[in-house]
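Listed next: structures, encoded as structure tokens.
Both of the next two complexes hold chain A, though its partner changes from chain B to chain C.
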Partner chain A sequence: MNQKLVNILLVEDDEVDVMNVKRAFSKNNIMNPLFVAGNGIEALEMLENQIIPLPKIIILDINMPKMNGIEFLKIMREKEKLKNISVFVMTTSNEDTDKINAYNLNVAGYILKPLSFEKFLTSVATLKNFWQLCEM
Partner chain B sequence: MGNFSILLVEDRVTIIENIKGFFSENETRPTLYSATNTIDAWSMLEGFSKLNPIPKILLIDVNRTKEEGILLLNTIRNHPDLKSILVFVITDAAQETNKAAVLKLNIAGYIPTSFQSQELYYCFSVLNDYWNMIEF
Partner chain C sequence: MEKSQQDCQEELAALKKEFDDFVYIVSHDIKSPMRAIANIATWIEEDLSNGLTQDVTSNFELLKNRVNRLENMMNGLLELSRVERAELEFYCVNIPKMMSSCFDLYRNNHVEFTLDTTIVTENFITLGAKFQKVILGLLDNAVRFNDKEQIKIRVTILESDDEFTIEITDNGPGIPEEVVPKIFSIFYTVNSKDVVNTTGAGLAISCKILKLVGGKLKYTAGISNGSIFTLNWPKNIILKN
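Here is the complex of A and B:
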């Protein structure tokens, strides 16, 4: 992943969480272009209308207004152009139904947002190592 | 993340032993099952040797198993009870056609490695950290 610096789309409604992801990326020297959508509808508009370059990775929150993460995933997986994008759920939802629904829609991982920023940094570092291991 | 099991589809004994060796040295020890071909793997997923519970993770080299491996992954993706399995392709043979085919199946990771013990150890260290971070 490092060589090509693939685009990443963060779908997240909470501005503090968006800021935390940006800070964690910066502290982990993740230089990939990061685009942000505030909910599922906004993300679909950005992807379908090519407002942003097609990302290889989506980091997806579950609980969002207008269209939640699972609804977004269902629609995304039905669209030829979007269905193969790697999706990593990052959420506070510990509900089994959300985990089951997400894995049935073939997310690459379901990550619970850690409560402290230090632990969040560690999670992002783990993700970075995993992304660097994989070809996309 | 708790206990989880892995099904490894691999026909090289030394690689199976190396992977078993890696987990025997680690605190988190997932249950590792291995199948030497896709027929045995399917039997362990849905046949006479069906594993209970179903493994959360499947590791396969589609460049060794070729069409049968891709067929197995397609069948898994279309099976209601198996479609949520996290699939990781680990391979030392970069065949772009197979890579393109499996990336369309929403695998969790396509990982090139030389299978040399040091590189394999690093690969599984990263994967182990990732598996311990995600929820199932």
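Here is the complex of A and C:
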């Protein structure tokens, strides 16, 4: 059963947000292997040099230093090996332009980072259903 | 050397933009540490769940409530900074229809609405989202701050050649005379924010919208208590730039 779980890569620069995702995963009994990259450049390095097994799902922050989420998405979608990965954007930005930019690059979902952990738990629980479909 | 009027105008426009950008960036970037505080408080509370005294639990509640308030204030600031940039679509608004859909939102709050209107032009093309935002904001205030068992709100709409005048009268407590000049400032609330949960951003945002469209918003005290907000909304709006 375990080997069927898909890998997930989280691209996020804020330590607390990383903890937030980890905590929400364990609360929702999500056992998928989770890898973390601190920004777009780091994530590309990990993916291209196969430092981590190729993930099926990427959770992506937008506002990050060095290379932000949208820049990362653009580069990723041009690469044959990476372009089919499902990407969920997770950000504080409720700006229409950020959402449109993300959807133009074919993202599977746009998660607004809510203030309360309880609300975040609910979002993650919804995603879990989708991820389980990916595992079939 | 004296600056030409055009130079001054350009400088003013640049300053305004810089100010809006500043408010936007500040309120946006402050959100992530704010969220971190809220999250970490929840985790600590969860991790200690068994050994919490009543005092500690209620302090955690206070902590989360205040972070929540901070978020609402930040959202208010963000909205204020975006008044001139967001929701600038012109579309056709049917005034009576819009009013009744606004009234419908309060159907469960036991509010008695009266609509008094003699307008001839029922449909007009305007910045619809902004128009509705101002009306809803005023109705919301009239309900939220009302202290009566039976809330009564009267809306009067008059039409002239170039504008609509909308008067919203409520049977609430009214606003003490000495604080009236302050009510349009951002975050100002007549009572402590602990009494009525509000950020005090609404009227400041409405005022900025009216400035944008070339309208007016004013407060007068009702005859027997209560508040009257009078709003002048021009039929033709010319946006600069």
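The criterion applied here is as follows: the second predicted complex is superposed on the first by the 129 of 136 C-alpha atoms of A that agree within 3 Å, B and C clash if a C-alpha of one lies under 4 Å from a C-alpha of the other, contacts with A are read in each partner's own complex, and residues count from 1 in each chain.
To be clear about the criterion, a residue touches a chain if its C-beta (ideal position, glycine included) is under 8 Å from a C-beta of that chain, and two chains touch if they have at least 3 such contacts.
Being a predicted model, the structure only gives us computed values, none of them experimental.
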Tell me the contact category for A:20 with respect to chain B and chain C: first, second, both or neither. second
Using the touch definition from the top, say if A:5 reaches chain B (first), chain C (second), both or neither. neither
Given the touch rule stated above, what does A:92 touch, chain B (first), chain C (second), both, or neither? second
With the two structures laid over each other on chain A, which partner does A:31 touch: chain B (first), chain C (second), both, or neither? neither
Check whether A:54 is in contact with chain B, with chain C, with both or with neither, and answer first, second, both or neither. neither
Quick check for you: in the superposed arrangement, does A:118 touch first (chain B), second (chain C), both or neither? second
Going by the touch definition up top, name the partner, chain B or chain C, that contacts more of chain A. B
Residues of chain A that lie at the interface with chain B and also at the interface with chain C: none
Chain C partner, complex, touching residues on chain A are 14, 16-17, 19-20, 23, 63, 92-93, 96, 113-118, 120
Mind listing the chain A positions that touch chain B in their complex? 77, 83-84, 86, 94, 99-100, 103-104, 106, 108-112, 123, 126-127, 129-130, 133-136
Per the touch rule above, chain C residues touching chain A in the complex are 28, 31-32, 34-36, 38-40, 42-43, 64, 67-68, 71, 86
The chain B residues in contact with chain A across the complex are 77, 83-84, 86, 99, 103-104, 106, 108-112, 123, 126-127, 129-130, 133-136
